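In the two assemblies presented below, chain A is common to both, partnered first by chain B and then by chain C.
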Partner chain A sequence: MTNVNQSGPVRSTGRRLWDRPHVVLLFLLPAVIMSVMFIAYPAASSAYYSLFEWQGLGGSRQFVGLDNWHRLVEDPIIWVCVWHNIVLVITAVFFQVPAAFVIAFLVARAFVIGRSGYRVAYFLPVILTVSVVGVLWTWIYHPQFGILNEALRGTGLDELALPWLGSSKTALPAVIVVMLWRFTGFYIVLFMAAIARVPEDIYDAATVDGANLWQLGARIVAPMLWQVILVAVTIAVVSSIKRFDLAYIMTAGGPVHATELLATYLFKVGILSFNMGYGSAIATFLFLLTLALVMIQFRGMGSQQISEF
Partner chain B sequence: MSKNIYENATTKLSRTRSLFLRGWKRLGKILSTIAVNLFLFVLFAWAVYPLIWQFLTSFRTNVDLFANPWGLPTSFSLGNYVKVWNASPLPRYFLNSLIVSATSTVFILLFSSMAAYAFARLKFPGSTILLMFLLSLYFVPPHIALIPLLVMLKRLGLVDTYFALILPYIAFAIPFSTILIRSFILGLPQELIDAALVDGCSKIRLFFSIVLPVIRPILAVVLVVQFVTCWNEYLFALVFLHSREVKTLPVGLLDFVGEYFTDWVATAAGLTLATIPVLIVYLVFRNQIISGMTAGAIKG
Partner chain C sequence: MRVNRIVLVIATLMLVLSVVVGGCGPTATPAPAELTEAPPAEPTKAPEATATPEPAAAEAEVTITFWHLYTEAMAGANSWFKDMVAEFEKENPNIHVEMETFGSDPYKTKLPTALAAGEAADAIHNMAGNYLLPNVEEGALEPMDRYLDEGGWRDQFVPYTFDQTTFDGVTYCLPFSLRTVHIWYNKDVFSEYNLTPPETFEELLEIADTLKANGVTPFALGMKMAWQAWFWQCYLFERVAGYDAWLNAKNNTGNGWQDPGLIEALGIMQDMAEKGYFTEGTLGLDPMDVNTSFFDGEAAMILNGTFFVDQVKSLAPEGFLENKLGYFNFPIIEGGKGNPKIQHGGVGASYCINAASPHKDEVAKFYRFLFTPEHMKDLSARTNWVMSMKDSLPEDASPLLKSLAKEVEEMETYVWYMDYTVFPEAYMTFEPVLQALVDGSITPEEAAAKMQEAVD
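Our next item is the complex of A and B:
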């Protein structure tokens, strides 16, 4: 009798270990450990490291309080970088994203031959390896043998054949053009997917009412997709602040800081010159700037959204 | 009588006018359609021509190229490819990229789908907070972790090994992948999982034999997107690796370009070799890649 009574619970505890609902909590462990150890902890360490004078990995670490932050505020190059990053943000938010919306709308709704081909082609630069893009465009801009200047000379515009990446006047616009080439397709495809989700009867109703394509896009579709536009703008702001690869590969921030961005300067200071304390201060500053811009943007666009409806 | 004539005349006039206007409108519509198609085609050419030019250049000779940069290849030769493949460390970089990207992707899929399942199917104290925490990590730029990660990897003795890339790649992919897979699981019919539970399936078996097969479509999306992301990653690879034996393609490629500085046609062959795998993966899985990279934004 007692044996029978005991065998039940004993057997069920044997199974219970795998059967208890909370065993699934173990499923969270790898993801949580990895992301805390390699994202959250290093990100928090950056703020802490910014309080030290620290030269090189083997070098000694000395607490200096806010000295690195003082230096950051007084460093003229930092403000040059901030200005360049702001230029990237402005270009992305006020030109790239709106242009992408117009292009996406035209591909999706106008009478277009080869619609799906355009979608695939516009997205192509987004997935290319960044070093290929950097080298390719450095060649295109080459003062002597680049196809850009060759084309300009061929059409008689000799005085426009400039050393695009070599002159501090044209270097930043030239790099921005490559960034537009590389990333605009992402926003186009993003908007195309959103436009495809707008129900067909809305277009039908508007067309019956005599709306033309521009009115349809600007008055009906854009307000409907305000949420997606907001997300696109957020992505544009966040990624404009952390741009590194193309500027570093094509010009290394030069000539004379003409294309220096916060991320390229952070890399030069923190990694190439081993100034890890000051580098960490710049990294933390980059992060704070991103947060601040996203908040400003959410406030601005959030209130506009309310007045739209 | 005269009134009638007058009326006749005005209706005729208005009819011709409306016909004329309609024709004018139609002409405008045709012209604007042509303009739109032309505009989109110019953008198309702008997007793909650099790559076509690179491809054409890889078959030319330097003398030929510098004489006429826009020209087409006068002869077809694979000489540049043979030279690059045999004489440069590019094949090694390929192998390194393959090892790092494949290993990272396998663990990204495993860890993210496990976590996504737990988040989707379990309510436990703090689950919302934990999910929000993971979501917020998605917005942490890798740059802010760069210096502390270098310090940590140095202490662990992992700098200049594959692990220096694999571990951060897994970690930085987890938030996005988990959120994507979780929303897919939430969209599944609950009966599917209940039926398996009634059959007395254990939680662990349930995950591997029921959940994983069912979420294959979203796993495919995560797989290709994360593979391409790891394959293309530049910043960590630049900082955490130094020697030729472990370097991945994006950084190795630039060393190669530095060595072959003046030899544009050989470099073009190297760049094309590096582009081909990405291009094939993109053309085959374009729908998964595009929907995966934009899904996070649309679901928002």
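Our next item is the complex of A and C:
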């Protein structure tokens, strides 16, 4: 690059506007401000409030040190929540993202006709308001009037017409199905956009070399899209740990904590039970857990740099 | 240069990531002032009336915001409030009331969130009993004694109704509705199988068996939110162990929540669940959702509070309220210590003044307008509800209302709603315990132990 051979500090007389450090900083500023205001400051506040006994209505706070944290470690429900969140993460990372990639690849390469139709169909659930999705599926799952059970009874599979959201065995899988239905489209569209940037000659060269569709997908395109996959997995991990809306709307974390997630439990404890101190401890715990998982994930995935095209 | 380009890429990625992550999932680490997520109203409830919760501070013009729970699902009360607001505004041209309605369960989330964020309305509907304690301790509610002592307003209320809104001698809220919980039944279904209201609990179970044998769900019950199931448990507790045992539990004295009577009561409920007396899949059903099965005749009975009557009027098919709705009191258990003159219920709702409101006197004026015997009679006539004010029974009351009012008059005392008896934090633990009991995953002894643990 031109400036490398200059002696002294880099001066802001680079040829391009975006080479100048001040400009770069300016572009970074919105992200930094947003990060601090909506992520760093609340996270730090939560950690601070977790050291208090506080009802959350703005009144007296009583310093109790690590009491809330002791309670957190000993609370069996927390670990149930952690387990459920981990199940969500595993489902998202090892099932949802790969499935989305496969679908995106197939739609891009094999089912080229009607591609935009697919894109719309897959993305539609993503843009529906989450409360609409939750209520819709609650009615689909209704034991007596829901279309799922009616269909099962209609085809003679009466024993399968279970109370999906009412049984502690089926509630979590039922809710996960809805989450998959809702968000997979997002990853599909993300991947479709990335796959579209792969130049056609790569495919031509590979096909000439005798590569079939599977090899094209797994051996050539997937490594090229690694950074995008990394982003997708990060999103999957973070949103799985943070998940609140669908679980709370459909089952309120029940029955008997069968679908309780860290966020729903936090809500029940912090807001509904007027115990914001303990709620803040759970919130901070959630943040640290997310941080840990994302760092592990970057360790495992971030080192591959096969992009630059 | 390579370095700057990488920086640029990372910056863009961060920006995109922060927007995307913020957009495709909810905000998880809620700082106390920041929570924006609130569950929506359920499908059977009407949408909220649009209103802005910002009290305008014009010179003589005052706008007060008012929240209550009587959506179009309770058309009688809803229309009453609308009419009252209109009349009040006519009589007081400088006061404007902006009303907003919510569903009952969403409201239990909305109110604490709003109070915590300082966004609650000036005049707020609230629960009663110990449910109010966190609000009271935080000073979120304005004491109303000075208003009540003016002009003998206090004496217009039935005295014991203040028990559930007074703490440490200070009255914080105005008791509104006076509820009793009864078993409502579909007269058509009963006559179809030649059934009559039972005198004892054993007879009730026989009726349930007959119904079950004929493919009718005996009792409609939705347990996604546990309050409807607690009606059962509170009655069973009283009927088995007697009022004093309940009082001990409430005050955490004596045997508290591990009273053998309670354990027996829990066991009875577990048996009933096992025998399939309740709606199938009850644990996943919202209490409001099971109403339909009752109106359709798929379920013959439902244990519900008297607020149900206005729901029947609004949601049931034409003529159901007049012709098909019957009720009987929860029967006694033979050999139990219960008193048939003791009901379950009490003050159902109350109205409070937000302590942070700049228009407390205007709100008090509004309440004074609402809480008069004359207006209460009007409400009573529209809804068939019994209210907490004296002389609030309309002259042309329907037979149903007269009957319900008589129940209230004759009852000796009452067992409070469960979520008014124990503090919210304990109640949060009670809920899954009852669900687990009905699920069959814990024994009654374990359930009672957990309940006791939650209260300690």
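We adopt the following convention: the second predicted complex is superposed on the first by the 255 of 309 C-alpha atoms of A that agree within 3 Å, B and C clash if a C-alpha of one lies under 4 Å from a C-alpha of the other, contacts with A are read in each partner's own complex, and residues count from 1 in each chain.
Basically, contacts are C-beta pairs under 8 Å (C-beta built on N, C-alpha and C of every residue); 3 or more make two chains touch, one makes a residue touch a chain.
All figures in this text were calculated on a predicted structure; none of them were measured in a lab.
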**Q.** Which superposed partner A:A232 touches (first chain B, second chain C, both, neither)
**A.** first
Q) Is A:F38 touching the first partner chain B, the second partner chain C, both, or neither of them? A) both
Q: Look at A:F183 in the shared chain and tell me whether it touches chain B only, chain C only, both, or neither; answer first, second, both or neither.
A: second
Q) Given the touch rule stated above, what does A:W139 touch, chain B (first), chain C (second), both, or neither? A) both
Q: Please work out whether A:A151 is in contact with chain B alone, chain C alone, both, or neither, and reply first, second, both or neither.
A: first
Q | First (chain B), second (chain C), both or neither touched by A:I113 | A | first
Q: For A:S273, decide between first (touching chain B), second (touching chain C), both and neither.
A: second
Q: Would you check which partner chain A:L165 touches, where first means chain B only, second means chain C only, and both and neither mean what they say?
A: second
Q) After lining up the shared chain so the two structures overlap, which partner does A:V208 touch, if you call chain B first and chain C second: first, second, both or neither? A) neither
Q. Touching chain B and also chain C: which chain A residues?
A. 18-19, 21, 24, 27-28, 30-31, 34-35, 38-39, 41-43, 45-46, 49, 57, 126, 131, 134-135, 139, 145, 186, 231, 235, 238, 241-242, 244-245, 249, 263, 266-267, 270-271, 276, 280, 283-284, 286-287, 290
Q: Report the residues of chain C in contact with chain A in the complex, numbered from low to high.
A: 1-2, 4, 7-8, 11, 13-15, 17-18, 20-22, 24-32, 34-35, 37, 39-40, 42-43, 108-109, 112-113, 115-116, 118, 134-135, 137-140, 223-225, 280-285, 289, 292-293, 298, 424-425, 427-428, 431-432, 435-436, 439, 441
Q: Enumerate the contact residues on chain A facing chain C in the complex.
A: 1-4, 14, 18-19, 21, 24, 27-28, 30-31, 34-35, 38-39, 41-43, 45-46, 49, 55-60, 126, 131, 134-135, 139, 141-145, 162-168, 171, 183, 186, 231, 234-235, 238-239, 241-245, 248-249, 251-252, 254-257, 263, 266-276, 280, 283-284, 286-287, 290
Q) In the complex of these two chains, what residues of chain B are touching chain A? A) 33, 36-37, 39-40, 43-44, 46-48, 50-51, 53-54, 65-66, 69-70, 110-112, 114-115, 117-119, 121-122, 124, 130, 133-134, 137, 139-152, 154, 167-168, 170-172, 174-175, 178, 202-204, 207, 228, 231-232, 234-235, 239, 249-251, 253-254, 257, 264, 267, 271, 274-275, 278, 282-283, 286, 289-291, 293-294, 297-298, 300
Q.
Looking at the complex, which residues from chain A come into contact with chain B?
A. 15, 18-19, 21-25, 27-28, 30-32, 34-35, 37-43, 45-46, 49, 57, 103, 106-107, 110-113, 117-132, 134-137, 139-140, 145-147, 150-151, 154, 181, 185-186, 189-190, 193-194, 197, 227-228, 230-232, 235, 238, 241-242, 244-245, 249, 263, 266-267, 270-271, 276, 279-280, 283-284, 286-287, 290
